[in-house]
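Here is the structure we will look at.
Labels run A, B, C, D, E and F following the written order; every chain starts at residue 1.
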Amino acid sequence: MKIRLINPNTTWSMTDKMGVCARAVAAPGTIIHAVSPAIGPVSIESHYDDALAVPGLLDEIRTGEAEGFDAYVIACFGDPGLYAARELAAGPVIGIAEAAMHAASLIGTGFSVVTTLGRTCGQAWDLADRYGMRRFCRNVRACELPVLALEDPASDARRIIIDECRRALTEDHSDVLVLGCAGMTDLCEEISQATGAPVVDGVAAAIKMAEMLVALGLKTSKRGDFATPPRKPYLGDLARFGG
Amino acid sequence: MKIRLINPNTTWSMTDKMGVCARAVAAPGTIIHAVSPAIGPVSIESHYDDALAVPGLLDEIRTGEAEGFDAYVIACFGDPGLYAARELAAGPVIGIAEAAMHAASLIGTGFSVVTTLGRTCGQAWDLADRYGMRRFCRNVRACELPVLALEDPASDARRIIIDECRRALTEDHSDVLVLGCAGMTDLCEEISQATGAPVVDGVAAAIKMAEMLVALGLKTSKRGDFATPPRKPYLGDLARFGG
Amino acid sequence: MKIRLINPNTTWSMTDKMGVCARAVAAPGTIIHAVSPAIGPVSIESHYDDALAVPGLLDEIRTGEAEGFDAYVIACFGDPGLYAARELAAGPVIGIAEAAMHAASLIGTGFSVVTTLGRTCGQAWDLADRYGMRRFCRNVRACELPVLALEDPASDARRIIIDECRRALTEDHSDVLVLGCAGMTDLCEEISQATGAPVVDGVAAAIKMAEMLVALGLKTSKRGDFATPPRKPYLGDLARFGG
Amino acid sequence: MKIRLINPNTTWSMTDKMGVCARAVAAPGTIIHAVSPAIGPVSIESHYDDALAVPGLLDEIRTGEAEGFDAYVIACFGDPGLYAARELAAGPVIGIAEAAMHAASLIGTGFSVVTTLGRTCGQAWDLADRYGMRRFCRNVRACELPVLALEDPASDARRIIIDECRRALTEDHSDVLVLGCAGMTDLCEEISQATGAPVVDGVAAAIKMAEMLVALGLKTSKRGDFATPPRKPYLGDLARFGG
Amino acid sequence: MKIRLINPNTTWSMTDKMGVCARAVAAPGTIIHAVSPAIGPVSIESHYDDALAVPGLLDEIRTGEAEGFDAYVIACFGDPGLYAARELAAGPVIGIAEAAMHAASLIGTGFSVVTTLGRTCGQAWDLADRYGMRRFCRNVRACELPVLALEDPASDARRIIIDECRRALTEDHSDVLVLGCAGMTDLCEEISQATGAPVVDGVAAAIKMAEMLVALGLKTSKRGDFATPPRKPYLGDLARFGG
Amino acid sequence: MKIRLINPNTTWSMTDKMGVCARAVAAPGTIIHAVSPAIGPVSIESHYDDALAVPGLLDEIRTGEAEGFDAYVIACFGDPGLYAARELAAGPVIGIAEAAMHAASLIGTGFSVVTTLGRTCGQAWDLADRYGMRRFCRNVRACELPVLALEDPASDARRIIIDECRRALTEDHSDVLVLGCAGMTDLCEEISQATGAPVVDGVAAAIKMAEMLVALGLKTSKRGDFATPPRKPYLGDLARFGG
């Protein structure tokens, strides 16, 4: 089974880190191909970045289709372009916020999301609504760390995140923690040990959910809104997306 | 007051038609500048088209900011890129689905949306959720007409849409109709006369809502999620969006 | 265009103040007629006052209809008698809570209502439900000021309200403020400058929404619950309401 | 125990009929005083009638307080003035829609309301929302009968209502029926026998709920929104409501 | 009228206490038979206890049916086995959480539940959802007292519960209190006097609701999910439940 | 990895069938142990059966814990005893309705559940609420087949189910089908081929979700409601459940 793990930002150090974490949980026989698009933002910290990460993401889906990938993971906690990607791909596409929230709802009564910037909290709430997970989502908390601080070993990010996770458990009455940024994937084990609570990393969860759907022979239904998009002309430097 | 009316697809006949309708309702002193992006799809009929219309749309917002526009209208019923546009613009940005649903809720107990393709109905329901309008939205109905059929005088579109509107009133127990595509903007008066019900065209409604917010001195709040996005590098042919 | 701005309480100093604010935002050519009923409470601070303000309000609607008004604004944050008024009037009728909440939802991610007495907060929440605005309403906060203290220049009302608005922004994570009493209409600009956040005054917003609907040719639908009420005998000193 | 059963319309034949039905279910020792206001509409078939029934209703509450009543029932399915009445009365106040919906939720999985005019269905849905009963309310169905047709022995009302009740059970998958008009109170037994389903009459249910609350020593809480309204001047022919 | 009050745990001191409280509110002519099952847990403090209390509870329902009881009350705040009991019994079955929440919603704008252990709070929230009472339930608060501490006169339970009730009123903005454990039934009057707020005891409320339904001739509908369960073989020491 | 697949009814032909289907999707290295309890009903077709299946189910969980199982699947579409089982087990416990609904929400916009008896539809809706899946659940449809008819090769069950699935796709506008009974597990492939839509079998989905959680090192959180239940005496023939 071949899964394309797409980090929709263009920072390859983060992509590589996710690849390592993904392979650590993948089943024997699953090949993880971790990629970043050739175009787009170096990090995703706004609706603006989120929207502009999508063309590069869709390039990667199209390449994946040409290369016969079985499933895709979109590895940014805003799940950018998820529905467009589902239209384009034959196999299943999973977002990491989607995977993390679903997994968290299976092992506890309520979770807190701990993320980077406060300005993205509203989007996490919106995704909880979209996936039906609002009743399990007790809070979305920001550490006010820029995404790329997670890539900087000299930053204080580790400690700040763990402190916020501890507050989440006591103040929100949550019994599960959800990591709100793909860049936190390597902290999962450490936070779990520090807090004693189950911690869900969306990258790992999404890989396993993608494996699950492929193993079950379940693909995105093409009977409804996620049918292959009608082909049509596209103008300008997006012309390659038409046909 | 200068309002930039952005048709996010690249079909200028539709853009021009919207401009005419917008000017017909605009206040004296309001200048309507109707534009299409230089890049992107000729029509928006999928999540894929919707996502790929956003870069061109954001180009138009940026140009508008440079030229001192007071407000923006996004004239596609999926309201693509609305939140990203709000981050980028100083003045208010209104989507036509948003405007139409809000206006419809002020004049009746429940509305039906009549749109083009069935595959976009799910998105209209999602927008009703997002705007809090689910309790007023009694149904979303598709005519199974491609968007560009609305631009073809030889098509049977007019009759098909009016028939669907009649069914909406009797079968959905709705008392207001909402046109579910920017390309229907010129049919508003005709449908209202044919059915005897109030018909809300989102293009006209959004123009008036934009005027309203400007007149009230209300701009998108920059205190929360819609703050100006942090500047950062963008790679490839999207580099112009970074800075 | 003639808009009848009805302050449903009988305190004309408040009515006059609202008229001034309304005219300040009205379009050229809009005539604002600000009135109070001849009967009813001097202020509205309970469900009891709210209910008993309605007969006088409906008198004003009927007079307005006879005099050819195009639209009506009900200028009390409980929106008393809104649905009954919609049945009676040919043109649109807008409540100020309704207008303020809708406008606030267009320019931010969540608003706080700041109102006078704690005992009216439940009603504001109920209206947020009714209009579909619950998902945008982050809090309703009371200053514990009687309504008529707003008319008393010697009171400390101004400072108390601004303090509560500041707390709303920091404690509720709101990015927009909504004034929860028609009597605060003249404080809008001052609060906005003091807090740096957009502040929505329902009186001004409702005037512009009424103008919008008239400009769009949209009237309350008479196909459903808001059809003209059936005529019938009324007994006692309400006999003038029958026919 | 003394319960004041207030029919908020001024048609005493209906009031007397309700009194008979109420006494048939009341406990030994409960005195039912069935009254209509001196002022207001002869029937309630619109938001307009509903609003204008409230002053007369509040007169009856005030008289009841002076005469030492223990509890009140508002016997119109729109539950007009319920919250205002709760502010005014020391003892509990129950609306018949409220009582009927609560009782129905205790004996089945979902109910249908069968009411008179289609134009009042929206209000029944709104009340289901207000009381938390939306998840039990499967449908609200109208017979398109004027309220006073229920008082006319020559009308076909009986048969029409029973037919609609039968359709409710088969088409709505409901297992309980709720009578949507106080004027249907005397049909309860007959409909139950004709359909074989439990039928809830709000008048009877409200009497028993009022008895229950009095027996439990439970009165409307005066700590919150339902505290006694502040006294203040009222102008014109409503002056008696001030103080 | 004969009502079987079933304490689903096997601690008879608690059962007897409930019987005393129930008889204190029952109507003349109502016979209260308070029982505990022969099998099952001595207290119910987990989903595990809750589930394992149900066989004994159903034994008591079956015995009650053989002895001609008119109605049943399930006297544990988790309302264990309520739907199964409704299938089995001819007459109505009421849970004490259900009764308490409904009654509380009739006399205030929002209630707080004060219960024993924090680990049962989630279940109280779930029941509020199930009964449609979420919009009235402002908080569920735990005293962290084991259920059987309520039976120990030497414990500090009384004071701890009253303190938590006081906090509920001030911190949750509730105007009604709901006792979250059947074992608190004898504290109702004392808490009400200490706090000045209405306090709803589910045992008393359920007895009165059961009386109400019997008086109205309303039984659980057998048309839907609560029809008598199909008979079938049961294996092992549960064989007596088959037939 | 050892997963205990518990069919909570006592019909071993069904248990064996589920075991075959489970092993067909399990990963290499996963050992599936399919069992039925020694006590309880031969099929689960009511809340009564559902409740009485739980003691036997909990026996199987306890045995599983003693034997070192890593995870558990509860293979009845009512997910009986799920929360009690979570308290008891160290590893994750998944219900098949839960697994099926979550999986279906990942591959389409809306699903229909096709189940056996109409009297169980309400429970499926309740579970959709509990898991947050209401927004994806477009309908729950019954074939009015007894559960054990699925075990009878001579019955017409196959054809009836496929017909109902076809109607679900066209009438409910669903794009995914969910099998609403564990006994349908062997029909999954056939229905998918007959209808052309993705079909989710909860038994298979739950096995993969259990594998996923074990692979991710995620266990039920013991910080909240699902903590190990407090030990205490149990009376009568349930004494083995105490300790």
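Please note the rule applied: a contact is a pair of C-beta atoms (placed from the backbone, for glycine too) under 8 Å apart; a residue touches a chain by one contact, two chains touch by 3 or more.
If you want to know which protein each chain is, UniProt gives these names: A, B, C, D, E, F = Hydantoin racemase.
Everything quoted here is computed from the prediction, not taken from an experiment.
Rotation angle for the C-alpha superposition of subunit B on subunit C: 180 degrees, rounded in steps of 5.
Averaging C-alpha coordinates per chain and comparing to subunit D, the farthest chain turns out to be A.
Between subunit A and subunit B, the centres computed from C-alpha atoms are 29 Å apart. Averaged C-alpha coordinates give centres for subunit C and subunit E that are 44 Å from one another. Mean C-alpha positions place subunit B and subunit E at a centre distance of 53 Å. Subunit E has residues 109-110, 122, 224-226 in contact with two or more other chains.
The residues of subunit C lying in touch with subunit D in their complex are 10, 37-43, 45-52, 54-56, 58, 81, 83-84, 86-88, 119-123, 126, 129-130, 146, 224-227, 229-230, 232-239, 241-242. Those residues of subunit E that touch subunit D in the complex are listed here as 25, 27-28, 92, 94, 98, 102-103, 105-110, 131-136, 169, 173-176, 192, 196-198, 200, 204-205, 208-209, 211-213, 215-221, 223-226.
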